[in-house]
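What follows are several structures.
What follows is subunit A paired twice: with subunit B in the first complex and subunit C in the second.
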Partner chain A sequence: MTKTNNDEKLIDKKITRRQMLKITGAGAAGIAIGATGMGGVLKAFGKDFLQEDDTTATNKVNFYGKHQSGIATAVQTNIYFASLNVLVKSKKELQELFQMWTPLAVQMMNGNMIGEYKNDMIPPKDTGEAKGLDARNLSITFGVGPSLFEKKELGLASLKPKELKDLPHFPKDQLEDAYTGGDICIQACADDPQVAFHAVRNLIRAASGKVSMRWSQSGFNSFPTKNGKKQTPRNLFAFKDGTENPNTSDEKDMNKVVWVQSGDSKPWMTGGTYLIVRRIQTHLETWDRTSLKEQENTFGRHRDSGAPIGKKNEFDAVEIERKDENGNYIVPETSHVFLAKQAKARIMRRSFSYSSGIVDATGTYDAGLVFISFQKNPEQFIKIQNSLGRLDKLNEYITHRGSGVFACFPGIKKGSYIGEALFNTL
Partner chain B sequence: MTKTNNDEKLIDKKITRRQMLKITGAGAAGIAIGATGMGGVLKAFGKDFLQEDDTTATNKVNFYGKHQSGIATAVQTNIYFASLNVLVKSKKELQELFQMWTPLAVQMMNGNMIGEYKNDMIPPKDTGEAKGLDARNLSITFGVGPSLFEKKELGLASLKPKELKDLPHFPKDQLEDAYTGGDICIQACADDPQVAFHAVRNLIRAASGKVSMRWSQSGFNSFPTKNGKKQTPRNLFAFKDGTENPNTSDEKDMNKVVWVQSGDSKPWMTGGTYLIVRRIQTHLETWDRTSLKEQENTFGRHRDSGAPIGKKNEFDAVEIERKDENGNYIVPETSHVFLAKQAKARIMRRSFSYSSGIVDATGTYDAGLVFISFQKNPEQFIKIQNSLGRLDKLNEYITHRGSGVFACFPGIKKGSYIGEALFNTL
Partner chain C sequence: MKAQSLLAILLAGSVVMTGCNSTDDAKKDDSKAKTEESTKNASSVDLQKEIDAYREFALDQLDKFTAETEKFVAAVKAGDIDKAKEIYPVARMYYERSEPIAESFGDLDPRIDARLADLKEEGQGEEDWTGYHKIEYGLWEENTTKGYEKTADQLLADAKELRGRVETAEVTPDTMMTGAVDLLNEVSTSKISGEEEIYSHTDLYDFKANIEGAEKIFTILEDQIKDKDSKLAEDLTNKFKAVNDLLAKYETKDGGYVSYTKLTKEDTKALSEAVNHLGEPLSQMGIIME
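On to the complex of A and B.
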């Protein structure tokens, strides 16, 4: 369902008994948003404010499910990633924050505004810039960083998974505070930059005084199509990015690589995953002075086809042990793919490019990769990164400038709220 | 025509006599790109490298015509705007720069790469990240700033139009050097961020040592659609932006507002226009705390419909002289629309939003408007800006951080090159 183009002033609409039950099903979450009772909920949000996925909406990703959206969801064209500082001082307030966010996320993922208005003497509930756009496959993914569990006043220390900790320093890291860390992350992805930004803006606004923005980064993907089917997008180095990902429809494989299984971690993380974000500057000027052969030897793939060196097709297996008749590795030993593969660890990459502005007076592009990966344990990423280490030929062309690691909650059941398992654990 | 997905290594293809003539028609421009003769041109670029608009290409904007593309062209979803410093030391070198850029712009607007490669021991001619994407309605607009004419070694002083000068200081301007001025601008717009960026990157790269980047800014527009037709996009204040523009298909009106007419300026500008760019930060946090009524009084329009205050529909005429029964203006006298209209000057706006990152440690959004307008004389913009002056209610919510004014050449005829009229003037 697209947003109506009619006058926004609320027309109280008749609500069926069934819809009423759906709304009241939200319980505390619905009422938390400034409404003082049942009538308030209805008046504030109108009939569109149902506490469930709108199956009639177009370009719609479901909010509710076994896992959060934005992980196994087909990667969209745009991201607005926000890392937040938490300002609340108790576990209860933090719980209420996620309860309050739940119906807003449902609404926005349904392609609706988060509130209509009948009183123009107050600020509109919804900032409005996504009005008239449909859901555009919006997904919203929530995670919590290690620093959240270190805030004594929140009393979460005993619930911190041991694998949730700041990443170790990797060779050539030049992390900047301005793009590192965070208590909470919101990853909003959509097939539209304004819809993604709108989602983050409205969630943060609704949490005014409870969170502040620590850093944010937008990004994009451009998909070539073939017979109407999206192909693997190219990064700004012109190489295809994400080829080696697990097949998101293969549940067994996703359970192996991405989803935390019962017993793997703290119980509240079962069905969740760990998000790692790295803001990686790409030195395009240097790259562009490099021969094609060197570029291909750097990635270990052919630029045009995306095939591993010595193979023909993008999805041909990377067989790093293969040698030529002289006994030399066909995929160079210092290539990104060789070293990553050698780690014998897998992750699910879900990255975006960024490019706007220049870094400094020398006119260097402020451009690069919002690298995002999901894995059931950050150790998977760490293993790969350690294998790349100082050897990775790609190091010459990139600098890691930002970093974050976040525990993403499992999926949300209807009637529940984001992160419930964390708050319900004694 | 989309880029081929075949192996990029050049397969020399048979070229018809007609195609040959088209290629040789490029004359100096084609040959300037490192090729040493006719054979070189063919070998370097293959059969796709025709010196004209490819009428079979999909999502294609024409390069050649009476006016440059990207002005009357239907506004796209993405922009990458670059302001450049010129490093060359003679008029001839500057002329060669624009000659060299011409066929590259033609190629990219045809949705092609700017060169195939058969030798992988050298850097590929094309940076490659747009491979597999079609033209995506790419437009490329070239302009020259006042500072270009002040470079004595270029000998252009006598050709400077008197109206091409830095804009005066406006109340509340807080311009930053990092986003102001420039000798040349390249405005690349496309329905894809990677295609727009690719165009600028390849033009700058091909001009290595001849130009450097002074500043750049990317932006986006999100179009609601109605019955499959694009509607006016909303800015990040949620108001529709660009409603009052002249109808680009009304040549008479465009000649009145946008296109420099014979006798208006220096002869080389006939058919051209002036581009004004302003990087305007929007203080979203302040805006979001403002009542709907105040927001609407600030713009002088209704947020939802886009109609002028007191009217119903977006395209209803703004009649600022209308008063209510008490003799008060219906559209508030301090509203943006009232003051802009009062200037009795018109411009063609073609703006984009931006949002990524935060401005400082307080967590304020780095978001706003890449305001771009075209007018036959910068005075039109200046009149409006002076009328807004200190009165404009919108001043509370915005800060102008960057600025540029550029003389955009007239359109390019087949066989000619960008800016020829400037260089052919004695």
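On to the complex of A and C.
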């Protein structure tokens, strides 16, 4: 049977795209077909058949759009965050890396496997642990760190936005190399720890020899619900985290706080944002022996309701200038929320808690916050962090151990690939 | 090529096309199609020439292993500690290079190559310990050969028995391809952590020999791989070179390797990553069966 006959026979069967996906376990099978340019098959299934968001998939977040997923996406319960070193030696290879990752990300976000089994003499293309699970609202966010632009062989120096640089040293920082920096970041979030981990694992495996792992951190969130609506999650100190976030459905506000606007930065960043990650160890043992009053004065909020001190509801305005009859500030001047508000800068927080065993040297929990924030300029975060400075009462209970800043590409258009604007302006 | 065999799977029978209403059915059909496919493959790919070449390589390595072991045993029995220490890592390299074959005799491998930790895992004790690593303990920990004469005699007898039995070992394409990946896995799990040679710290000799053993298999299969995927062959050549270049940094003037204890965390990490970056494409050699 000749190749052509094969093609015709396939078309004759007139199988639908969904059937095709079912038969092959979906996915990379199609890449193989596409790559060899077998016209008949392409015609039968449509050229973009692999690269589409499957709108019929369960618990699905779209890959394509104006902005990358995992930023304005409703916060999921789990994160697996990975910071990578780039090993490739040319911009062409770097571009190919992002091109290669694109269909894999789409397929995993559709809840599909990234490859079929067809030869049991080689390992399966998909590592397989997410089989049988749906997309679980998987989002995958890609960003690039300042160090990527400093690699001469990649020739990206002139494209480095001036605001993309390592964060300054903040008071009380105890950053460890093992949790700091990175050329590329992949943030995978899902309502399932295994789906999030699987996504990063498969992207890194597919890039074997092109990247190496620098550091990674998993994290979790839990959401109380009220009248069927997800509430603000609590961190391990039991305080609500993310109350002051911009409303992600308010485009104007998001444009003001999160999305880089045309003219703000290098053109390739328009529609993108900056991700800041901080691995913050929380000293649970000392926190747990702190009185409730002191805990609330530390945050400047009531623990249970999340309301600013002296107010009733979580979303009541903080109004830090409020004073009592003796002229003292009601929200203490050294509280976390007072100092943060004073900075007059806003960011979008999208943090997760972490628990990673025990600190050998002290026998205490290695637990805390994978702090992640998105902002159109890292300066917004820097302003807040500088305002917290040495004064923040919370400092007594936390230590910043890891740090990273990454420029997250704008959204990906169908038919394009992750970070195309960065490579096309070359 | 890839696309063709995929089509073959899709077209393997109309069952595949019609049975896709239930996931279970689809799975069953998939595996059926796969079996048909691999059966067809097995008969259509002739690797006899490659298998013969590999058998010849392994036999030659084990010839040399027996000869070196003979010298090693002589030194131990003569009480020549320095000489025994000198031969030890070199003799072991012949064994490590041919491990996919050498290891295929389940009773002999532990007698020749068991670490004390391996025995303990199997509920055995020090009294059951024989072979190279036992003598390694005597040489480096106790700085003596005394009391190890019997172990030395047994080692030589086992080495000779292995050499004799290897003639009958069945070598298949799977022995070679799985063997190559296994050699790297050995490096990744025990050599890179310094857990293979805990007394002599000559782990880098074993490391190098494992890589050479895997590279030999690649070289034998290279033309076949090139036929299917020339990029994979090129990638493997580059990745072997990367590992070998890295290892060369630790070579000593006499052609040996520095002690594992001289390696920093950064050194072992770099070596480990280079091996993992080689392992991924190496695991794809099975495409030659398509």
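Everything that follows uses one rule, which is that the second predicted complex is superposed on the first by the 374 of 426 C-alpha atoms of A that agree within 3 Å, B and C clash if a C-alpha of one lies under 4 Å from a C-alpha of the other, contacts with A are read in each partner's own complex, and residues count from 1 in each chain.
Simple rule for what comes next: contacts are C-beta pairs under 8 Å (C-beta built on N, C-alpha and C of every residue); 3 or more make two chains touch, one makes a residue touch a chain.
This one's a predicted model, so the numbers in the text were calculated from it and none came from an experiment.
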Subunit B versus subunit C as contact partner of A:D191, first or second or both or neither: neither
Touched partner set for A:E420, first subunit B, second subunit C, both or neither: neither
Partner chain in contact with A:R205 - subunit B first, subunit C second, else both or neither: both
Touched partner set for A:R234, first subunit B, second subunit C, both or neither: first
If touched residues of subunit A are counted for subunit B and for subunit C, the larger one: B
Touched partner set for A:S222, first subunit B, second subunit C, both or neither: first
Subunit B versus subunit C as contact partner of A:K118, first or second or both or neither: second
On subunit A, the residue positions that both subunit B and subunit C contact, one per complex: 117, 120-123, 205, 212
Complex interface listing, subunit C residues touching subunit A: 2-7, 9-11, 16-17, 20, 23, 26, 30, 34, 37-38, 41, 173-174, 177, 235, 239, 273, 276-277, 280-281, 283-287, 289-290
Subunit A residues touching subunit C - in the complex, by the definition given at the top: 3, 6, 9-10, 13, 15, 19, 22-25, 29, 32-33, 35-36, 38, 41, 87, 116-123, 205, 208-209, 212
Interface residues, subunit B side, partner subunit A - complex: 5, 7-8, 80, 85, 117, 120-124, 127-133, 192-195, 197, 201, 205, 212-218, 220, 222, 224, 226, 231, 234-238, 284, 288-293, 295-296, 303-305, 353-358, 362-363, 365, 367
